[in-house]
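Paired with chain B in one complex and with chain C in the other, chain A is shared by the two complexes that follow.
So, the complex of A and B:
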């Protein structure tokens, strides 16, 4: 059921359309407004949003976040220490790009122009349409063919505007043939401020390149985040992707992969920590178009408080994609009486000579492990923390981008101190 | 590997599209006028001699159905169904005249039974020549009295449903001795209205879904089973469903109630003739298990799947649901799905009683142009409820085979436990195998495990067999039977053999 039956627009829908109308109009923006006016935000009846009823969850009357002053922009950046000290960082503040004249590593060029609108697949229509309607600033980052980039390149999103403001960005990252690079895409914002952040990144990885990409969502605890990462993977290319979700009260993170080159390898792992009243939805789709490609996907989720976690993961193997090896695992821990977790790991296979598997588990902390630790004199809260930490550390420690292991572990620990 | 040689022999005698039950029986039949309106429903109700409340119930369902739209979320494609182009009622005409011997029975009907593999003695009863207990008119080939002990194993009481009516139910008197009611739903409405009124549509509400509502309005027959408190049903109960008439739909309704501490095992088999048109089958099955009761429901579904180009075949849109209403009750679904052009079927368990258990074992084989979208729902509502799902999908030809299942744990369902395993096997590069599980946990004490795999028959296994002189086709049958073993072993003996044969037959021609 992908049909909408609703016609009356909610306050949020109306205000978002108004925001879009006030911006300079382009063909895509007009089309996006029309789509939004006609369909509204997706409800449960749209299969891709089965567990995230955006129409019900996205409340508020939104206004566009104004461009902060240079001082404010600097100030907010200083409140959040860098993840990687020597990284070259590109700054977005409340959806506006700030060129700080950052010295870029050799082989990397940046153009401060809005990349082409993302192509819209039906499943992602709403996330993309919303971004098309609201986006103002964007970047195109290019990594030259054959470049071995020695420093991490970071894209830092920080929101500093007030309550019910909306910021939207769109970035395109093009990695040339045979290049190697590490990228960090991080979002931060103040707690207790209900803002909306819409982010789209497209990442094209050409023949034989290796990319480490880390997405760290550390938005404020009342933030709403609708983000999408769309990846195209060429022949013999490798992507090591890590996703950390520790922030936001409403998060929809779409990750979409088109594996279009033979011999490509995709390693995805992630940690989703869902506490308080948060609703965190990670929706992934991997499409294998050509033969002999590999994909592994491992997610560890922890839900507590009244947090609701969602993982939807689809592996789609096209008929031509013989010899695909695709594996997915989604393990979730439920720690409180009122939290919940929903998983929909899907396999859609049209080729016969393949090995595809997925596994999903949901459970609470193993009593015998707790007992083991308590029998050694470790207090229960401490023992619980140790076990949860070990559960998520397993995937964090495996990260290819080793510089990030320690800083991300620190973020995870901060979350645990607050929620567990 | 009982079935292998037998399977191959059987196949040699078959047509290209390999459907064994594709014959049709040329029997004069009594039909309702084509199309669906209040008059059709009144006609069906009058034919069945139903009380007023039943007609009212049907009409209310029909009113509701008119406001509903056909669901389109399943991964199946078919041209729109013209619900006015179907006969909603068809009954073999000569039935009540009571033939005196098998010679007088319409030979076409007898042929049908013979082809269905129903033994001659049973055929006599089914054809209404004699009642159970009367001496057979046939030359004796063994003392029938040997069967008189109702606890003897290996016997099956049969209810045969031919198009819209239940033609006869066997072993009824012997079952009655233990208090078990086993009859057609039409008879139950007349004879046990209080039981029917109490339980009908309490598991699948009239408004549940498009096809269930349609069924509520027009259901023609089906089976009713009531097992009283503490009774272990002495034999397997079985229903054979057959769609015979052209352009008819079959809408059967089955209601099984197992009272406290009782046990019943029920088998269901289905076949249909080979026709170029698509025929509609929209059944509703409701199971109710009280405290400590257990219901085991097994299906071998072998409706006509259509020819290799997808012409003809049955649309099988079925709502099956069991309600574990009592403490420590258990409902187990086992299904072997080899037939139907389109299958849309999700036998489910509502685990309401504390400590109740739901099981689902499924083999879905698709070949040719078949489309299967099947799976289960395990809804954990009570404490300490457990469920287990084993689903084996085999796709061949140009078929699409989808497992769609839901495991949901309610906030109050402390200590709920589920294990799900979905394996798919692909034979050939034109088919598809899909897995769509929905896993929803709202209680932190829940423990849910889900795993799914998709692969083809491994070259190593095949090589191993070939090297030992087993021909390729037989080797594949061997490996496939190994793949589905976990489910086959859940089936009662009679069905297990049949199921193994069916799987072999369904996959014939898919190799190479």
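So, the complex of A and C:
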């Protein structure tokens, strides 16, 4: 640390550094603590956090979430039934891995070891720094080359520790050449408990593989979640990524894609539901490194109450990446006077023969539709729900991983019952 | 069934007066035709009956089955049996027609303290009603009114009317945008719903619709008032002489 740094740290920053200090030290953990002590958590002055003042929003004096007992670990899991009944699920409880001896599908192997850390280069990498400082447990999931995995593999995060506890995990998923698999990455937790969850997943998809990946954030309504999914997409590989944000009071979900193989296809879609006092930030960066790759990104957002949503979508097309076809759309429904949604598309294009498009819309529910439904006897709240569902269903119903459509729609309806 | 007394109403946004002391009584089983020139307040009357919030009633009363209709909101009126067949039914992307029909039927049943329909029972009713109105069942797999032709939209309105079994039907220019064949199908649909305890208010510009849906009473609306009432012969007289003469004579 620089000797002249005398940054005044917040209660949250100080406590998180203390938590890190009490853990077994490694080079990366020490570096992360130093970075946190020097920079603090990012404020709006850090461009990547312009709409999410993490320093102001992340409050509390945190302590490490202890490893829960087997009984507690089971009990919290039982409160949240599986999204896919026959999935092979890998369990984290409050950031601790529980090996339940799950029978894995053919072609899938799991090692309960912490994957290598990502580098922390700038203050914008706070999500990574925090994870490096706090992470205890992790997994490396490997899908063998050529494997056609016939069951869904799930990573389930459930937080069961109390107020102001923090859990952090890091997973690496390596999909071998020509494989096909469906993965679900889901996080749940109790309502009214202000816990912090830090999660990083790296997903490497090799030549010619097809992966369906679904990220379902169903954290408790007072949870803080700082998460990052970093993807490398190889030649002729396809990723169908779906993201549902339905939980948490403070959510920063970073998604970062390096498209490194020609002919790769990236389909990203998602639904962000932001109600109550929630602040949900999805920050996406797609970098096209090579020629002839495609990316589409479609988000449908619904904000209500005092909810604040953020979508930052960056598309970088490197000079070599001719014939890139990238399309981004961000459509938001604002249902109350006090809610808001900030959408910031960014295109950085250094190749000259590419197609890139982006669009953002913001609307309220269409009054004439509401009147029509009500004129048939449907109550106003129900009519509003039907129209909101119609708005988000368009992306949900196009999910490649069709088993998830119904359970995710159920989560969306549960959210609407609370907030609409 | 329905008694409108001295009804004054204006557009909430700009205060434009539309209805100016309108009086109208409709008895159970009666089919009342409301005719009048453009801008006389016909559509406003239909919207006020259905409870659209863009209009403000400044004076007068509407009594429906002995109750103050103005006390009920839009969906409560529908559940109480008031049905508006829209002049321009909206297309609602993303809401499947079947989901919409089931929601509407069950919402009204719930309001009346009845059990929700089972899916097979619901399907049976929709299929039967669709067949009566020559509606291709595949059309109902689309979102509400999306991609329907003008005639299909009007038929879909009558289908909803048949399924919801209202007590007071308000048909707002149901004939507009219909060719002769479609007009006949729609009129047959409406006629089959005529019953001694169901009243209908048929709003139209033209006598032609009344050849198919023969009214018991005809009322001429001008500048927000009923200026003349009569039986079906009045409609023929209007067709012959035009609105100007009749309104001038009434004034």
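Quick note on the criterion: the second predicted complex is superposed on the first by the 405 of 420 C-alpha atoms of A that agree within 3 Å, B and C clash if a C-alpha of one lies under 4 Å from a C-alpha of the other, contacts with A are read in each partner's own complex, and residues count from 1 in each chain.
Here is the rule we use: contacts are C-beta pairs under 8 Å (C-beta built on N, C-alpha and C of every residue); 3 or more make two chains touch, one makes a residue touch a chain.
The structure displayed is predicted, hence computed values, not measured ones.
Visitor: Using the superposition on chain A, tell me whether chain B and chain C clash or fit.
Guide: Fit: chain B and chain C sit side by side once superposed on chain A.
Visitor: With both complexes overlaid on chain A, does A:368 touch chain B (first), chain C (second), both or neither?
Guide: second
Visitor: So, does A:377 touch the first partner chain B, the second partner chain C, both, or neither?
Guide: second
Visitor: In the combined three-chain arrangement, what's the angle at chain A toward chain B and chain C (CA centres, steps of 10°)?
Guide: Given the fit on chain A C-alpha atoms, the answer is 80 degrees.
Visitor: According to the stated criteria, A:47 is in contact with first (chain B), second (chain C), both, or neither; which is it?
Guide: In the superposition, A:47 touches chain B alone.
Visitor: Pick one for A:339: touches chain B only (first), chain C only (second), both, or neither.
Guide: first
Visitor: Just chain B (first), just chain C (second), both, or neither: which does A:391 touch?
Guide: second
Visitor: If you count the residues of chain A that each partner touches, which comes out higher, chain B or chain C?
Guide: B
Visitor: With the two complexes superposed on chain A, say which partner A:68 touches: chain B (first), chain C (second), both, or neither.
Guide: In the superposed model, A:68 contacts neither chain B nor chain C.
Visitor: In the overlay, answer first, second, both or neither for which of chain B and chain C A:275 touches.
Guide: Touch partners of A:275: none, neither chain B nor chain C.
Visitor: Check the superposed model and tell me the shortest C-alpha distance between chain B and chain C, rounded to whole Å.
Guide: It comes out at 14 Å between the closest C-alpha atoms.
Visitor: Show which residues of chain A both chain B and chain C reach, each in its own complex.
Guide: none
Visitor: What part of chain B is in contact with chain A in the complex they form?
Guide: 71-73, 409, 411, 424, 426-456
Visitor: How about chain A: which of its residues touch chain C in the complex?
Guide: 368-369, 371-380, 382-383, 386-387, 389-391, 393-394
Visitor: Of all residues in chain A, which touch chain B in the complex?
Guide: By the definition above, chain A touches chain B via 1, 47, 50, 319, 322, 332, 334-364.
Visitor: Which residues of chain C touch chain A in the complex?
Guide: Going by the criterion above, the answer is residues 50-52, 73-75, 78-79, 84, 86, 89-90, 92-95, 99-100, 103-104, 107-108, 111, 143-144, 160, 164.
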